[in-house]
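Consider the two complexes below, in which subunit A is the common component and subunit B and subunit C are the respective partners.
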Partner chain A sequence: MALTTHTTPSGFVLPSIHAAKPFFTQQPNPATQKTVTENWTRLILSYARHKKLFNLRVEDATDDKSEWDEVLRNPRIQRRLRPSHLAAILSSMVAANQAMYEPPNQTSSVLLFWRSPEEWAQVLYDWANSTGHLNTIMTFYEIVEPPVPSPLEGLPLPILRKAIAVLTKSARAQIIAVADGEGVRFLPGVPGR
Partner chain B sequence: MHRLGGVGISAFDRQQQSKRSFAELSNEISQAQVDLLHAQLAQFRSALAHYASTHRERIRQEPSFRHAFQQMCTTIGVDPLAGPRKGGWWAEMLNLGDWQYELGVQIVDVCVSTRERNGGLIEMGELIRLVSKLRGVGGDVITEDDVMRSIKTLKPLSAGYEVIDVGGGKKMVRSVPRELDADQAVVLAVAQEDGGRVSEQALVARRGWTEERARTALSNTLLRDGLCWLDDQDEEYGVSYWVPSAMRWDE
Partner chain C sequence: MSLKRYTISVDGTIPVPALLYDDEVLLISQEGVGIYDGPQKAPNHQSGIVHATTHRLFYIDNAHSFSRSFWLDLAHVGRTEYYAGLFTSSAKITLYLNDPPPRPSTSIVAERADSSFDTPAKSSQVDFWECEVCSNRNPIGLTSSAALVCALCGVPRASMKAPITIPSRQNAAGSYSLSKSLPSSSVNLAKLHLSSSPSPSPPVPEVPAPPATGEIACIACTFLNSPLLQECEICGTPLPRKPSLAPPARLPAKSAPASRSATPAPDSDDDDDDNPDKRMMRLSFRKGGDKAFYSVLRRALLGRAWESKAVAAAVEAPSSSSSSSSRPLGRSGINGILRSVETTAATAQSNMEDALADLEALMVKWKDMVKLAQDLNERLTAASTPAPGISLVPGAPLGGATTLATPAVEPEEATFIRSSLAQLGLQMANAPVTQDMVRDERKWFEELAKELAGVLEGSGAKGGEGMMRKRGIVALDEVWGGWNRARGVALIPPATFLQVLPHLPSFTLPPIRMRTFAASGLSVLHTPPYGSATFASRLVSILTLVGPRTTVEVAQEEDLPIGLTEEMVHEVEMAGEICRDDGGSGVSIFSSPGAPWAASEGGEVRWWVNIFRGYVWDGQK
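== the complex of A and B ==
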């Protein structure tokens, strides 16, 4: 049996390890499991980036209709990632700041940081700058559901908040209370920061 | 009575004279011998250099030719691969020392980069395949013999690189200093037969082991050494074990 990469219908290239049957089992040897977790983390984040997915739930492991099905299941070798294994992977991702539990205080659903909050902050600031939104007040809603396509479209609010927090720290943004919720004002800041 | 040296005081002179003559003669003779030896050596050297330089490409490219050359060198007591320092002009002439070191470096490269998934154990054929891929050469250019030699050159690094025979003509290269017991070698051999998969049942059926023995060997290989991965979704046995170093990875 040769382990090869596989291109899914959505155009994502699954690595050859995804064709290895034991990759879908939680390993009792901690060193081996570390390798398995690292590979799953990389796979999940790159797939999320590919399909612009933010949410991953433990239930996705049992749902064949899930948008994660191509990754969490390999029908060519009849293997699927077990929910308990996925939960362990998610917990390690949260610990490594590659995801956050959302809603908080539960451990079965996460938001994925396929861009780190710092990277999102930069994307956000660059977008505000290039679209001439510096110094104006914008609602969160206007940012994540803009009338023209933008890289921030569909960005979950918790991640947006984290990104804005990064900008606030470097004095490039300011949170403003607006009538229908929260808003933000982007500041010109110091060049090069 | 005739005396060799003559008589009287002149005998001393004569004796010294003949001593000198003998010394001269002996000097001449040994000088001639040394010269001859030098000439022969020079001739041998140039013949060998000529041979090496005319066949250099073939030696480097053709495994069978390289092997024959290495055997010839071994017969006359010279190691052409002893390295640039130790082997002097041999290695220089052939550039084989460098070739061998280069191969060694690539072996290390492959072993280290695959270590996290195979636990530091790689099958010889797989190693050769990956090294060949790294060098961008065809399948038959690098032989098992070359790999074994290169691994020998890695010895001074004491990184624990070692070729182990798992039986059935299969060899594995171990890149972590760790002892394998006899039962584990059998586990690896059985995994080789089945594309990397091995199970308690297979060990019992094919090697006549008791379940207990199979279980112990597998759990040592799995838990203690991390040389195999567990698969708890096996269709046939429920639980099976996979030896990544015996699986074929295309990437």
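== the complex of A and C ==
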């Protein structure tokens, strides 16, 4: 059976394996399941990047109205990812630091790291540098909801904190308590980094 | 025919107990019995009561009990035969009779039609002997014990005097001369007979020449008898012989009717036909009761009460005989004691005969066993090189087995085998291998493996298919059970069975190996096509060719049980050669999106080739 890629109406190219029925089944063989999980992780992250999605909940697997619907379900082969399978995938993603549970202490909802915190940190620093915010104190709110569009727009605060934490370690940012919450001051660190 | 020759008529109107001898006991009675005289029915004796006593068999006719009843002396019966009856045919007892009996000397003339011969006179015809001691007049029964011992005082009849004859005969003897008066009036027989017999008439000097008819006048009663008779038909007195006459045929003295004298020609009774087939009688039990009667009759025949037994011994030690046996009515004193001794002896004899019959059957088999053991012993002696244990492998022909034999056999082993064989006393060609037949552990397992190989593959020359012939894969428990069933004795415990299995491939062609499925722990024996690698590659090629398959479809294709197929497919899955699609969720989502359970509804698992292996990402970068 020849499997082909499929382009969704939103322009996302689904891999050919998405058209294979076993892809939607949790495989008992651990080796096989590892491949399945890897492919699912890649698919989820690439789709999240494509659609700029950060949140993925287990319930999305059963929700036809979800923005994840065209990935978690394949009506052409009448298969959909089962919630238990999705939960297993999410758990493995969290373990691989490709996602984090948000809110913490539960396992049904994650924030996806379609960019790793280090990548986000770099993006954040570049953005601050390019917009001339170095050495100024900015609130988180100003970062994630800038007046002009930016790659950081809509970034969930937990990810932002992780990114800032990464910058703090390399002495390129500093967390400062401000009146209405938290603020950050970007420091001109090692150039060219 | 035999009926006439062997039986003696009796007046059936007299109750049977009154007809018995003193030492005779009525054993059983059965009504609704018909008589066959030889192979044919006896027309005059078709419905009556049969009584079996220790000495005789009475037939009392229902309709004509006076004229058609008779008794048969059991001493004439050689053997009996029982026929259980079929459909409308009644159960029958056939009595084969011995050689023709001598004419009974004390025949009771009961069939007389003339009532002038009254019954007291008839009963007085029985002989008596008088005891010397107590002067008791003892009747002469058919048993010599009764004839030899006084019933009252038990004293043997030492001096065998001639029996005291009955009054009527004395009477006849006394009036010997009056028979001479029997004159010419042979024509008016019946009338003369009626008038002359009860009261003797005055003596008449000389007997005239016999009439032209050749009838002989009785010297006692003057009755004109048929020339064929030796004794007077009426009173039993010996008739004077006439040399000119042909020797008289043996005619039954008692059954000839009175009119017979008028027509003396023997009426084509083939009495002289001594064909043993015709010397028989049948009792046809029209109203059942045959079985009980037959067993009683046989017992009576076996008891042989008419033969005298241990008379002297019983007389010598009368006190030793116990009173355990129930004494029949009308018996007392030493006579009863003697009787009980006789019964005990008969019982002991029959028991002994039964026991000996069993012993004989055992002896027949014992001979076979000895023969077998001897045969084997010879083979052991003859065989110089082959190990003796080898030839005992079941199913393996002797020639093929010897090729595997170890070159040398210690004599002590041979001796051991020989002695154990002798102890057992039997040895069969296909006896199962037991541990004591084989030298060491390894050898023992190898022999067992060879035997198991025979069970699995069928022992070539003998034909018959082994357990694996058609299947190629068999569960271990089934093999174990089948093997032990084939062995029958010296069953193999599971532990030994498992130890034998590693030896199995070297004795089977193609090699049969064991494999255990990890998931369930099920163990099977399989031929190479069902090895895990072979099966996996075959399954993958099937899936590649025809697309995804369910377990059931695979099972059909492989002709295996579904459960077994599932185990094997799981094994392949665990090897990563295939992957699964449990399906199910898709259809229900579209058909009934509101149903929350639809997502968890499982379909049948379909097996795919492992599409993830070697997959390269071809989706969105």
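In the analysis below, the second predicted complex is superposed on the first by the 191 of 193 C-alpha atoms of A that agree within 3 Å, B and C clash if a C-alpha of one lies under 4 Å from a C-alpha of the other, contacts with A are read in each partner's own complex, and residues count from 1 in each chain.
One rule holds for everything that comes next: a residue touches a chain if its C-beta (ideal position, glycine included) is under 8 Å from a C-beta of that chain, and two chains touch if they have at least 3 such contacts.
These numbers come from a predicted model, not from an experiment.
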> Put the two structures on top of each other at subunit A: do subunit B and subunit C fit, or clash?
Replying inline: clash
> Does the superposition put A:3 against subunit B (first), subunit C (second), both, or neither?
Replying inline: both
> So, does A:107 touch the first partner subunit B, the second partner subunit C, both, or neither?
Replying inline: neither
>> Under the stated touch criterion, name the partner, subunit B or subunit C, that contacts more residues in subunit A.
In response: C
>> Just to be sure I read the superposition right, which of the two partners does A:75 touch: subunit B = first, subunit C = second, or both, or neither?
In response: second
> With the two structures laid over each other on chain A, which partner does A:64 touch: subunit B (first), subunit C (second), both, or neither?
Replying inline: second
>> In the overlaid three-chain picture, which partner chain does A:12 touch, first (subunit B) or second (subunit C), both, or neither?
In response: second
> Which of the two partners, first being subunit B and second being subunit C, lies in contact with A:25: first, second, both, or neither?
Replying inline: both
> After superposition on the shared chain, which partner residues are touched by A:50: those of subunit B (first), subunit C (second), both, or neither?
Replying inline: second
>> Can you check which stretch of subunit B gets into subunit C in the overlay, out of 8-16, 26-34, 80-88 or 188-196?
In response: 188-196
> For subunit A, which residues lie in the overlap of the subunit B contacts and the subunit C contacts?
Replying inline: 1, 3, 5, 15-17, 20-25, 27-29, 31-32, 35-36, 78-80
>> Give the list of subunit C residues in touch with subunit A in this complex.
In response: 547-548, 573-574, 576, 579-583, 585-587, 589-590, 593, 596, 599-600, 606, 608, 610-613, 615, 617-621
> Which residues, counting only subunit A, touch subunit B once they are in their complex?
Replying inline: 1-5, 15-17, 20-29, 31-32, 35-36, 78-80
> Given the complex with subunit A, which residues does subunit B contribute to the contact?
Replying inline: 116-117, 119, 195-197, 222-223, 226, 229-235, 241-242, 244, 247-251
> Any idea which subunit A residues touch subunit C in the complex?
Replying inline: 1, 3, 5, 12-18, 20-25, 27-29, 31-32, 35-36, 39, 42-43, 46-47, 50, 62, 64, 73, 75, 77-80, 82-83
